[in-house]
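Heads up, there are several structures right after this.
Look for chain A in each of the two complexes below; its partner is chain B in the first and chain C in the second.
Then we have the complex of A and B:
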């Protein structure tokens, strides 16, 4: 062990963790524990100002959430929508990265423009698309001109696809960014070898380039899924509440149950269930990210 | 990398053309609709027939956007400053020193960014409501309470961004200072902080945007006086339902005004921010 190392070992300033650590325990750790406790209480608009006095009901809220609420439906809507969005963003993001990688005039500007959907706030995206997709709005108008059937997007069965389209529109640049970062790691010799080899562009991509993108793409897919499942703002602004049943996603259902119906206990149980929905991709995410 | 292309030129151009159309279509419509007549927007016209900038004047009274923007700047600004400076100390220790529980803390920082917002909003709301009853002071609806709730997401995220940034700083600098006998506090304030200002800016900007973009927490934790711009716009949009023709022009103009600072921030700090976008993975 070097001398520097030993000095460092002796003087670990662990106290520097204290301000951030204490604040985190206060604003995150403590509320999370309280959320668990609330899920075991019959907490409603009459009792929430003195939550410690609310009657303890054990697992009743969880049973009610599974049996007599829209929770199973919301879990289904949330996961299918998030999976479809993730599947759409994959080819779009990768194609964008491939196209934006090779040099051309104005590449810097194009790369910036491609980021716009991702950096726009979700409440802005929701407001704009709500107007675009309104009945007889500009989207229906364009579809009608193309000879396609115009119809209702913000209500009824098509609302599911409206949510998918808008979330995919705003989410794909993350895949693009990660794939572009992956392309930067491709060994220059790989390009030269392929050029000498004379292989076609698709064969070259598949055999030589895509292996470099596997890691970043996997990461991008998991993050896109997590973002989509947890996105409250977009469905909330796009459809308003009460939302059409086809787009009643978990965050919106949980929100309505607590802040409109004032069933805080039931809502907390639902929020715990939504933690279950993100648990598997979250574990995959934690494994994929370099921690040290 | 000379003369090697990933895609044939025509295909590359076609992909870029389609993508630019998909991105710029809705974005340009935002601009066009904000200067169109509401009737034209309602009938589905893409281009304005005449240019009317009146919406940009009216939103300041109808949406009360001025108050909203001020609240957003105040709350998000406090959150950004606080989380950037609190996170740098924690990140320094996490990057430079080995100790028991270090990996667990790093994992927790990442995991916390994926916790559903409702799971945190609910207990925070109930705790604040109970605190108000106990001490007899209004807590919900104040700006500082909102800023405190934003720390639930901003703090883990800022710390993670600083961790990824400090990893890139060569350890020789602070090790040399340590051998010279400098205290940890001195090393942090005289060496780490001055060297890591791009990281501080990035983590500050992201924390700012978390506050600026939020609707979930702000819709519950604010009243009409403390409403952020995001909630002001959402409430304005929701009240347009069921009347005559909604004032589309004003909604689009207000959306543009709320989006402009964010897009400008990104474009100005793009070089630093793109790394953060992919590092932490939270918007």
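Then we have the complex of A and C:
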């Protein structure tokens, strides 16, 4: 490193980051420290009145969460469902983006309609799908008419797939949106050159278009995974509490421990675990885009 | 460590201080003061509730010079969040209206005023209240926090036409009798019972009632008794209605309470157990309007024809609202004056006439007893029994419901998985005992 560059680095006005940094500490850092603190306390309905004086129990809450609660099961359910949802949204989102990219009459309308599942509030999505999937509901009737076995969607093994289907339905437009944005960065000259060289559609797609999409799609996949893992409203509205075992996801379990069982300490420990679950793909992504 | 704790307390305190607060400084004269009251939002009568707020405030101003500011919460969780922030900051509503089953949890927080003999005198004496409504005010008479405000006992609606057609003159007083009547009443398109198996609250009330009637209060001396055979029998009876007796619509595995009411309202079920008087609003607009009645639910446990020794003939959980005064309130005297006003016969009559919820005031309740339309509610109220008074009750309640939730897949396939049910009940017992062991 040259001497001139070191001087330039020293003179960077880093203090200008102070307001943003302070906000970050207040909005993100402070609650995180409090959550960490609570996770080390035996904080419940008996002690929360003077919560700073609640008995300090070290890592007991973490041990209990792993050994005696449904946490490991919930982590498994949450991650598997989020991975499946992410894998489903990828081809659907990209296909929709490719379809809506070319110019045709009514393209604006189609592009807007495709976004509807994404902009609907999760509460509305959950309520509507709950009605569709309830016993003897719309889904059962449609399946029955097609000669397929109608059955239970909101409890039992199929509830996992109900959650996957509904979450995928609401999540795929994000992939579509990001893929579409990626497509628009493709230089028109690239298309022309490919056409002149007589490239077929698949070669064009794989060799020319996909490299442009890699960045936005990676971001879309990470966000979809994180949204799915962290989604509380949808499983809560679809299945209620107590959750059927097959859809006992991490956010609902954490909520129940806090607001139904009043085990705030245990719940905070679970929240810290969830942070670990979401940190893994996030770090992988940051590494991939070299922001570490 | 100490420094971190200090900083956190300071930051949290200052943040909350600005967030909420009540005016006033103390003393009994209320001129210029404001009392804050937190009460559940009434979704059935929202307009009437707003008017009632204004009326109460006007009357209280006339009596004491102080105004009352009402705030509402939508769900029990909303309320809990409010209690948490208020208790932590030492500022917030002076008076809360709490659901009866939530009162033990609120008591466990030690954030509410324990009523001494003087306080009761100022409220008009304990005699002012129906004895049965005082059953969930505190762990014992000398440690009470809750002042009974309204009573919402659970009863059973029945379709008069369907019963008459089947030659049944009145609903049975035992669960076995009810099941037999339900079998008789089940025919094409009509089921004997409408039961909300997917409701988050209904199932535990059935299991609790059948267990208590058989002599098992579920919690006794700090010990959970969910592993008692009476509880297993209760689950088998409750789940059996759909799985083996086939007197409930199979779709009921996905029903919430409102859907059970709707099915009964459509004339598709003969009995609708576990509803309060608020169901009247919906049913009077339904196809069974004018053709249904209310009766108390059976009080004789499954497998019996008379109440067994040690059993309690509970017709309902003790249900309704209690008023509690926050320990941090700076205007306790004024708060007690408001609680007195709201539980006096005049205010209780106005409340009953507006919202249809039964009074807890003895004098007024006696007058209402004469009304035949209310007979079932009044009887159920007098035979209501308080759920165990422990801060762990919320957890036990959830554990009881969980057994039903996890049994639904088998239920939907038309069977009760005995081994699975036993293991679920065992799990609920251990959760309940764990929660009781943590009680402080």
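Observations on the structure shown:
The criterion applied here is as follows: the second predicted complex is superposed on the first by the 255 of 292 C-alpha atoms of A that agree within 3 Å, B and C clash if a C-alpha of one lies under 4 Å from a C-alpha of the other, contacts with A are read in each partner's own complex, and residues count from 1 in each chain.
Here, a contact is a pair of C-beta atoms (placed from the backbone, for glycine too) under 8 Å apart; a residue touches a chain by one contact, two chains touch by 3 or more.
Nothing here was measured: the structure is a model prediction, and the numbers come from that model.
Once chain A is used to superpose the two complexes, chain B occupies space that clashes with chain C. Once the two structures are overlaid, the count of chain A residues touched is higher for B than for its counterpart among chain B and chain C. When the two structures are aligned on the shared chain, A:136 is found in touch with chain B and with chain C. Contact with neither chain B nor chain C is seen for A:189 once the two complexes are overlaid on the shared chain. After overlaying the two complexes on the shared chain, residue contacts for A:245 are found with chain C alone; chain B is out of touch.
By the touch criterion defined above, A:149 lies against neither chain B nor chain C after alignment on the C-alpha atoms of chain A. Residue contacts after overlaying the shared chain place A:260 against chain C, while chain B stays out of touching range.
Once the two complexes are laid over each other on the shared chain, residue contacts for A:282 go to chain B alone; chain C is not touched.
Once the two complexes are laid over each other on the shared chain, residue contacts for A:44 go to chain C alone; chain B is not touched.
In the overlay built on chain A, none of the stretches 75-83, 147-155 or 237-245 of chain B clash with chain C except 237-245.
Shared interface residues of chain A (contacting chain B in one complex, chain C in the other): 30, 34, 48-49, 51-52, 134, 136-137, 240, 259. For chain C in complex with chain A, the touching residues are 4-5, 8-9, 11-12, 77, 80, 84, 87-88, 105, 108-111, 198, 200, 250-254, 256, 391, 394-395, 398, 401-402, 405-406, 408-409, 412, 435, 438-440.
Per the touch definition, chain A reaches chain B in the complex via residues 3-4, 7-8, 11-14, 16-17, 19-21, 23-24, 27-28, 30-32, 34-35, 38, 43, 48-52, 92, 95-96, 98-102, 104, 110, 112-124, 126-132, 134, 136-142, 169, 174, 177-178, 181, 183, 188, 191-192, 194-195, 201, 205, 209, 216, 219, 223, 226-227, 229-230, 232-233, 236-237, 240, 250-251, 254-255, 258-259, 264, 267-268, 270-272, 274-275, 278, 282, 285-286, 289, 291-292. Against chain C, the residues of chain A that register as touching in their complex are 30, 33-34, 37, 44-49, 51-52, 134-137, 151-152, 154-157, 240-245, 256, 259-262.
Contact residues on chain B toward chain A in their complex (touch as defined above): 1, 3-8, 11-12, 15-16, 19-20, 22-24, 26-27, 29-30, 33, 41-46, 86-87, 89-90, 92-94, 96-97, 99, 102-103, 105-107, 110-112, 114-127, 129-130, 132-133, 148-149, 151-152, 155-156, 159, 175, 178-179, 184-185, 188, 209, 212-216, 219-220, 230, 233-234, 237-238, 241, 248, 251-252, 254-256, 258-259, 262-263, 266-267, 270, 274, 277-278, 281-283.
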